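Lettered A, B, C and D in written order, each chain numbered from 1.
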Amino acid sequence: MTELAVNLGGLQMKNPVTTASGTFGFGPEYAPFVDLNKLGAIVVKGITLKPRKGNPTPRIAETPAGILNCIGLQNPGVDYFIEKSLPYLRQYDTPVIVNIAGNSLEDYAEVTRRLSAAEGVAALEVNISCPNVKEGGMIFGTSCTMASEVIGVVRQNTRLPVIAKLSPNVTDIVEIARGVAEAGADALALINTLLGMKIDVYSRKPVLGNIMGGLSGPAIRPVAVRIVWQVAQAVQLPILGMGGIMTAEDALEFILAGATAIAVGTANFINPRATVDILEGIKQYMEKYGVKDINELVGAAWN
Amino acid sequence: MTELAVNLGGLQMKNPVTTASGTFGFGPEYAPFVDLNKLGAIVVKGITLKPRKGNPTPRIAETPAGILNCIGLQNPGVDYFIEKSLPYLRQYDTPVIVNIAGNSLEDYAEVTRRLSAAEGVAALEVNISCPNVKEGGMIFGTSCTMASEVIGVVRQNTRLPVIAKLSPNVTDIVEIARGVAEAGADALALINTLLGMKIDVYSRKPVLGNIMGGLSGPAIRPVAVRIVWQVAQAVQLPILGMGGIMTAEDALEFILAGATAIAVGTANFINPRATVDILEGIKQYMEKYGVKDINELVGAAWN
Amino acid sequence: MSFCGIAEVVINQKVGPEHYLMRILAPELTRLAKPGQFVHVRCSSVLDPLLRRPISLHGIDYERGTVSLLYQVVGRGTQLLSEMKPGAEIDIMGPLGKGFSIPDRANRVLVIGGGIGVAPLFPLVQALKRYKIKQTVLLGARSADFVVGADQLASLEVRVEVSTDDGSLGYKGFVTDLAEKHVKLNKPDYFFACGPNPMLKQLLKITRKFGLAGQVSLEERMGCGVGACLACVCKIKVASGRCSVAGVNEGAPIDFEYKKVCTDGPVFAASEVILDD
Amino acid sequence: MSFCGIAEVVINQKVGPEHYLMRILAPELTRLAKPGQFVHVRCSSVLDPLLRRPISLHGIDYERGTVSLLYQVVGRGTQLLSEMKPGAEIDIMGPLGKGFSIPDRANRVLVIGGGIGVAPLFPLVQALKRYKIKQTVLLGARSADFVVGADQLASLEVRVEVSTDDGSLGYKGFVTDLAEKHVKLNKPDYFFACGPNPMLKQLLKITRKFGLAGQVSLEERMGCGVGACLACVCKIKVASGRCSVAGVNEGAPIDFEYKKVCTDGPVFAASEVILDD
């Protein structure tokens, strides 16, 4: 038997396959295609204290082997989420990781408190890396001091495992990873989107409603693998790796680079069954190459 | 008639289409496919003071809509270049931009002096952004102080136009662009490759001989366009834009974002006539949409 | 439930200057399909182009288990679609979205299609016919060759009127002018429309002026197609005291919420949509 | 000069468990082609997979203006190649590289192909025949079904010997063992070889031991294919006093320079190549 269970900073998961925040809604959207019980965890769309309308359209643009998005954290707010979305998710035997964002430290603190008091939240993924909102978001994630402050505040307000989600748009991500580790993060989520844009040469205007957006999908995978590789060897925290994972091979690349678990994002849009297909592929690889425990593969490419 | 001539920080070019350093050799390689006289300029492979062997193989890996390379600045050294490569290039009525790199400030200074004394060098592109060499290279380009120092040293040793080639692997590229502008750069080349890597899940080893490499090609275009857009609006220097340009439309995206000229890199490998095809496509676009002078399009997407 | 998997292209033929008709054998999908719904198709088996493309159901043949798509080549994805040969495999997902719903009180219905917007109107027209509801179909296009499907509609024995921008076929002018005339003259009691945003915007002005209720099918760029990514939103009036929902409330900002074209739509009640420029 | 453009696939058929033979009508390219050269082909018209793939010229038909490629499906690019139908357009660039050169002094030649390495040896064998040089061809493969082209070679009336790792055809063992036997027994005066690196490494040990001169065709991952990117380098001994070029200079580091497989090769003098593990 192949052992697939992993522990992500205190969060016990039956397998390493999760969903990337913002690409899997709140669960029911992909339920027609995926048995949600099969997933290692479900990471839901970013939640803020108050509801947010998000950005004007167009909110998505296709790029070579990638997409740009500028959703702008549209979400119904934490109270609505706890009341309406959590009960649905509680039906499943799969831990729910809530991705949170805020405009201020106080926002992060309050969202953390409310979610920690709610039933059925297994961990918090702290988004300090959203490129699509004016206040907060990425600005928190590109400064080491601010990143640590946010994680510190979340840490003080919860006993749940805290996963810090970092921005790749920085000179030295290892420094930031060290900062949030010291501030009390239990795990790291790597990576959020790269800041990008696209111009329509016929209208001579930016394509996206918000001008810039976050680049995701297979195009960014080499950058994401590199970041996981660098951080995993420098910082003693488990990593939730993501960025362009489409197949089991892609997922294994992240695990070999040092990720303990992986998240499937953009791939869901192309293959709604991507998560379970990837899980199946990982199992097959392990059987074929005689890998008994997935944890043997974590960081196995280092030497 | 459409006017295609542009001026890149003192370098007069008959059209905005150039080649990206390292992707077009020293000229003769693509001469069977391209009339070199048609190009706005030729940017040659990075040159260092002493010959360099470069990195072990594999030096290239394919990624989704992109490639990773870790050539490691293999080159025959500045003297060989001046003696053997420049005479060939002087046959053509096309300005030659020499891309230079070094391990130390003194290296940069000496290469600059030798090239400035040689006949047939039209401008220097200063590579402070190579991700594939241990000393020098990118480390110069990710620190604002060091970037300015290198450009300052080159500036002091030449009257040629100085183009600073920046690394995208930074938190705040505008800050670095401002720094090199103050240090005396006449133009900016944006962008060099993104740091990335790839792991072979069967051998469980990094694919590249040098482990990490630089990501180029269409995959990175959204990041490159975003950087040109940001820098062009913040810094008063002309920009040589590059990163994933495959077609005339792609080139126009950079020009609309604020680039005065563009460089074709990875695309040469896929279509050896990419440079001239792109030039032709730009002309057709201008004729179709009644653009008299290409300079009208520079930054035309800003408002 | 939705289907997602490989289906077989049965026919893929050129039916207009840039228009193609593709029939796909997909019994599981067809069984669930309703007029106004769409499918999300992959145009390539590799990673470029990456995203699926949303295309409306133009024909639903429950007996043969096939759906047809009527699509216009506008970019790379539709270009690749048009190159698929009969027998080819296509990766298709659907049916998706909420389709048209036919209200009990509708007796004389006006159906308006602009450009490729005619595509989803066919199964609607057939359904209206089955319900024996009187209908007139107005089709607008750039020029005569861009009018697709008029003959087919005529063969269904419904009244069809055509307008072209250049007058090369039918009424010379916009289909919205034709619609306004028709509304004045024949006083329909309901309408359905699909077409480009400027057309819908103009049409909403007219129908709101005359107090005509109806449904419109919207388009927006999509990621997932299933309501997960929030890319495809459109502005929907918030049913609060703060704004008038009857007419276009010039000047005063109308309060809105973003709804998803892929799952809340693509068909919305005409009274609730807000179309920006 | 080199050709780069669209050519027509004439034949593309399966000829082994993972092997395909593609014939391409490209008169301009064919006219320039020499044994040992290669072409650089695009496997997709979109941006994924992005790079061209280098494939040797397996057949050169100057009269018909066609070249043929013998290739093994090992990844996505070759998979896509294998799916091309006769009549399809293929984006092809070449001929590239320096091919084999036949030395005047060669009288009894040994030709060794390992795996798909046989591909470029066909036009060489034909040329050797034209020059009336005696030759023996040794082919090595995993197992019987992986031996391709033995029949064709036999039909050229050259002596062919086969080895398979599992003994399912011909000699059981590595083709390098066969080569060593042959060198000892028949004392050839020159050799040509193409195959995987471990095979070439072993072969170089043998030929160096016996002082046999020859040429080997190397493979390396390529970007441009024209000498511009410096991706495809291999280690070539520097002809300086500092190192022995005759034997493998165990222990002492051999000084080398990187040369380009695409333009300095793919064929190199056996005496000058250094193969790492």
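Methods note: contacts are C-beta pairs under 8 Å (C-beta built on N, C-alpha and C of every residue); 3 or more make two chains touch, one makes a residue touch a chain.
Fair warning: this is a prediction, and the values are worked out from it, not measured in the lab.
Chemist: Would you kindly say which chain has the C-alpha centre located farthest from the C-alpha centre of chain A?
Modeler: D
Chemist: Does A-C or B-C have more contacting C-beta pairs?
Modeler: A-C
Chemist: How many Å are there between the centre of chain A and the centre of chain C, using C-alpha atoms for each centre?
Modeler: Once rounded, the distance between the two centres reads 35 Å.
Chemist: Rounded to the nearest whole Å, what is the centre-to-centre distance of chain A and chain B, using the mean of the C-alpha atoms as each centre?
Modeler: Distance between chain centres, rounded to whole Å: 34 Å.
Chemist: Find the geometric centre of each of chain A and chain D from their Cα atoms only, then give the gap between the two centres in Å, rounded to an integer.
Modeler: The answer is 47 Å.
Chemist: Touching at least two other chains at once: which residues of chain C meet that condition?
Modeler: Counting only residues that touch two or more other chains, chain C contributes 47-49.
Chemist: Where does chain A touch two or more other chains at once, residue-wise?
Modeler: 64-66, 217-218
Chemist: Touch graph of the chains shown: is it line, ring, star, complete or other?
Modeler: complete
Chemist: Can you tell me which positions in chain C touch chain B when the two form their complex?
Modeler: Touching chain B: residues 47-48 of chain C.
Chemist: Name, in rising order, each residue of chain A that touches chain D in their complex.
Modeler: 64-65, 218
Chemist: So in the complex, which bits of chain C are touching chain D?
Modeler: Counting only chain C, the residues touching chain D are 44, 46-49, 76, 80.
Chemist: Going by the contact rule at the top, pick out the chain B residues touching chain A in the complex.
Modeler: 63-66, 68, 142, 169-172, 194-199, 201, 204-206, 212, 215, 217-223, 225-226, 229, 244, 249, 252-253, 256-257, 285, 297, 300-301
Chemist: In the complex formed with chain B, which residues of chain D make contact?
Modeler: These residues of chain D touch chain B: 1-2, 4, 42, 47-52, 93, 220-234, 257-258, 263, 276.
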